[in-house]
Amino acid sequence: MTERYSLMELMVCVAARQLEDGKTAVIGTGMPLAAAMLAQKTHAPSLIILFEAGGVAPALERLPLSVADSYTMTGGLMHSSMDEIMTACQRGVVDYTFLGGAQIDCFGNLNSTMVGTDLQRPKVRLPGSGGANDLASLCWKTLIITPHDKRRFVPKLDFLTTPGYLSGAGAREAVGLPAGTGPYKVISTLALMGYDPDTKRMRVESLHPGVTVDDVRANTGFEMGFVEPLAVTAEPTDEELRVLREDVDPQGLIIGKRAA
Amino acid sequence: MAINVIDETVGTLFSEPDVDGARRWFAAKSRVLSNKVMTVREAVERFVPDGAYLASGGFGTVRIATAVLHEIVRQRKHNLGFAGHTTTHDFEILAAGQCFDRCDAAYVVGLEVRGLSPNARRYMESGQVQVTEWSNATLGWRFKAAAMGVPFLPARTLLGTDTFRHSAGRTIECPFTGQTLAAVPALFPDVGVIHVHRADVYGNAQIDGISVADWDLARACKRLIITTERIVETDEIRRNPELTQIPYWLVDAVCHVPYGSYPGNMPYVHYSDEAHLAKWMEAERDPATFAEFLNTYIYGTQDFEGYLTLAAGEARLAELCALEPLKRTPEVA
Amino acid sequence: MTERYSLMELMVCVAARQLEDGKTAVIGTGMPLAAAMLAQKTHAPSLIILFEAGGVAPALERLPLSVADSYTMTGGLMHSSMDEIMTACQRGVVDYTFLGGAQIDCFGNLNSTMVGTDLQRPKVRLPGSGGANDLASLCWKTLIITPHDKRRFVPKLDFLTTPGYLSGAGAREAVGLPAGTGPYKVISTLALMGYDPDTKRMRVESLHPGVTVDDVRANTGFEMGFVEPLAVTAEPTDEELRVLREDVDPQGLIIGKRAA
Amino acid sequence: MAINVIDETVGTLFSEPDVDGARRWFAAKSRVLSNKVMTVREAVERFVPDGAYLASGGFGTVRIATAVLHEIVRQRKHNLGFAGHTTTHDFEILAAGQCFDRCDAAYVVGLEVRGLSPNARRYMESGQVQVTEWSNATLGWRFKAAAMGVPFLPARTLLGTDTFRHSAGRTIECPFTGQTLAAVPALFPDVGVIHVHRADVYGNAQIDGISVADWDLARACKRLIITTERIVETDEIRRNPELTQIPYWLVDAVCHVPYGSYPGNMPYVHYSDEAHLAKWMEAERDPATFAEFLNTYIYGTQDFEGYLTLAAGEARLAELCALEPLKRTPEVA
């Protein structure tokens, strides 16, 4: 890491690059939305951002605090409903979704429901699926953005809230989830990861600048794969940083405030 | 390879998808044109009995019927069922009053980017609340099934997960394609509360902006309490029938509550009061502090107007209106 | 029949009287709508008229020519959709519907699909169900308005388009139709009919002025029941006729033009 | 007593409820923002191949895409499938051209209070058209199932009738209540045609007044041709997002066709031309007369503008506008 950019800024820039132009994405608030806005303002001007509560393709003025708040509707093409967005996903119209989660396993399954063993008396109650289970079931490609440590990258989830590849290749289709869908990329604080096309296990595609294979292993609770040759994540360009800081998140809600 | 095909789910079904029973209820519900304007207190006294199954419209901190939720706490309603369909501040309020003891949970205890409610977490971790898991889409489609008058809807989500295992859904085989689908049962809440932009005295109601799940929710609920920013003449409703989401025969009570979504956001009217929402979260850290907070803001106020004066006041409300990015266009004035 | 009113006018007035105030009704164009408008303007001002294409409670200026045309929307409370109307019926919110049909049997089943034996090559192709099957399945009470002759009142339908009581008591429930629904009244050119509560067979409740039991028998292809004592249909009042002619159908679209 | 429980239906399913195939189609369909304005001729040439399954929006004589229907006849398209979801004048046009040879029929050959189309009746009685029966609600719910991305929807209608026996529906047992339900399969038409009040060049489209089944239809169709009274700037769409029914990524062609629903009614614009509709019906009585009528009005005209000039002319169109009872309020101008 240099002082030119923060880790958060790197992650948002890496996330933004995964989003192709002219595609549809259901995006939550926070870093995923900062990434989508950055993509729109750089290489993907026709990226269509949908919000699960019903907002459609707003001219985003700033980052909303809720996926239903007024900022998800400013200059929008259509004031719709959660049903409209979720059925569009189910119909196959939505390319990307972008999620977080308290725990993730090697197949990209997520837990955002609880820590503990008894749902009726959990050690820590978390929000639950929200739209995550639906979006990861129904959108074509699921991206995940998350801090990278052993508490999060676990060998076994306490609760499988949201489907990744479940138990591996073919498992999604076997339970009835739409064919051809599933986890696509994970952007963590250490690396950019994808999935082995045969085993559907997670593997590192590029290490963020200054991060080693051992750093990843030490912070991952399951056996992580690594592609060969292993790349280094491209650093944010000056242009990406400028747009991110000036146009996407001038208030520093996501990327934090910078020293003057 | 062992594949996680879930044929049995273990979640409790808190409300039967009894479409014929619901039909009899709806048949008996009056469709006579009558003035339904009443106070929030009266609406809660009449239509929210202890033990009822409740659903809350809007989206947690956006267009929520805060006044009704407060009054439910103030009247110390208990043993309610609650539909946690992206419930955030609404969940926080009812958890503060320990009003519900069973919950269909799609999104609970969190307030999106604002973090988790300490008190709601404690309540959900205490073992006092029986919980059945769903996702936002499937819990919404449970309302939709009810609104459509069918006992279930098929879906392609939930499958293969613990969320599904702890739901009360079922797997079915498609009668045409043979593929496995999730079936989610109709949910007819005993009472729903929805905040709207304008309604007439009969209950014809219009919402500006996204409707979230309220179109279906309004139709699924056996009783419906509307709070509204403005009470308007029916002629104003008839001038813009494209905006009408709720016809009067669905409605049992119309309560005039300006700023009724406070401290949440009311699109086209005012933005959320993030400072006050943070104050709730902060007070919740310590149970004794929070008890005092509730005594001050809920139990110690007569009604929502009292709360609004105490928590915000005119100057702060004016600020929140100025912060609202959606300016009401002349078209929807 | 006197010259004070026509047979059409009598039928519309009788039909109107069946509709209670403060109830909901999905109504088609033609005589049923004239009856509903007359009811609204006399004893049932809060009768809610819905149109299957999506019109909700318009301030009806005149009789529409289509159940979707502009007159179904003038001053309406809500511009909705066919799905909204049909699901309201399915949910149990709609009290009445009002239908016609080419053939009717003793259980109030209707044929509006074809005359002949082969659907793929019918002797006469008729429109089919339209919304009739749905409305008669889902609304609480089905009213029928029809000319009365042996070609229409038949022992066996060529095609059962729209369910009455099907094969009799309990049959609707047995096939899965909502309990408690079914045919309510038939207003014909000869009589007002209802149904025996036990057998669900059609029976005359009142004969129109000047009509005899033999007239009905001679014009009915199945064994018609008659309640005892048998009433005579009350004639239209002067007020009903005035409202019908002046306010409901001044153009004579339904009741015909009157000689000056 | 023998009760008519229908377990088997004999109707032909003209289009499979293949939700996974539809998902692949929708995934491949471009969502790039591009100008889709073209002539009706080009739209029909490109998107209505012989043999395609077609669905027509609006309601028979109200807000129909007449120009596209005429052009399908003019280009002598044949062996189409057709969804007869309250089709009246639209059905009459395509029957005149003998364009379809299979039909999902809910309401066909009739023109409501105007009576039956003699030519459409002859065509349907000729044995040239294979027919499967449905009702308006269930055929609409077939579009809805497709729009929702599920292979079927349950319903409580159709049951026990010959309409059901001659449908391609199935009976199912509710997985929750055990009750018998009708299941209707998703219908994904190859191409849909919908006339709207305004659209931008990309296809974002708004409808004033009731939507009939067009919300679901627009989402169910693999290809969608929009004809529009007005082409507007995208900003005009964004100013009234409550009115948007069709987002641009559903749309393949945008055709500018003022008075495009003629001789049908276009709510808020003009009423139906009953005289011209009667002229069609009258001409149809005799096949030779009708052939001449079609030669004059359809085959002999270059396009819809030619037809409009011949059939109506400016003075008549002005009359029809004056007859329209829904005056466009400033709100939706």
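Which chain is which? They are A, B, C and D, in the order written, and residues in each are numbered from 1.
Heads up, the rule we're going with is that a contact is a pair of C-beta atoms (placed from the backbone, for glycine too) under 8 Å apart; a residue touches a chain by one contact, two chains touch by 3 or more.
All figures in this text were calculated on a predicted structure; none of them were measured in a lab.
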item: Pair sharing more residue contacts (C-beta pairs) when A-B is set against A-D; value: A-B
item: Euclidean distance of C-alpha centroids - chain A vs chain B, Å; value: 28
item: Averaged-CA centre spacing for the pair chain C and chain B, given as whole angstrom; value: 40
item: Rounded Å distance, chain B centre to chain D centre (Cα mean); value: 37
item: Interface hub residues of chain D, defined as touching at least two other chains; value: 19-20, 149-150, 155-156, 179, 181, 208-209, 242
item: Multi-chain contact residues (two or more partners), chain C; value: 73, 79, 89-90, 138, 178
item: Topology of the chain contact graph, where touching chains are joined (line, ring, star, complete, other); value: other
item: Touch list for chain C against partner chain D, complex; value: 29-30, 51-55, 61-62, 65-74, 79-83, 86, 89-90, 109, 113, 119-134, 137-138, 157, 159-163, 166-172, 174-178
item: Partner chain A, residues of chain D touching it in the complex; value: 19-20, 22-27, 30-33, 146-150, 204, 219, 234, 237-238, 241-242, 244-245, 247-249
item: Residues of chain B touching chain A in the complex; value: 1-6, 58-63, 84, 86, 88, 105-110, 112-114, 116, 121, 124-127, 130-131, 133-138, 140-141, 144, 155-163, 166, 171, 179-182, 208-216, 265, 267-268, 271-272, 274, 324-326
item: Of chain A, residues touching chain D in the complex; value: 21-24, 46, 48, 56-57, 59, 73, 75-79, 87-93, 95, 138, 140, 178-180
item: List of chain B residues in touch with chain D within their complex; value: 13, 16-20, 149-156, 170, 172, 174-177, 179, 181, 183, 185, 208-209, 239-240, 242-243, 329-332
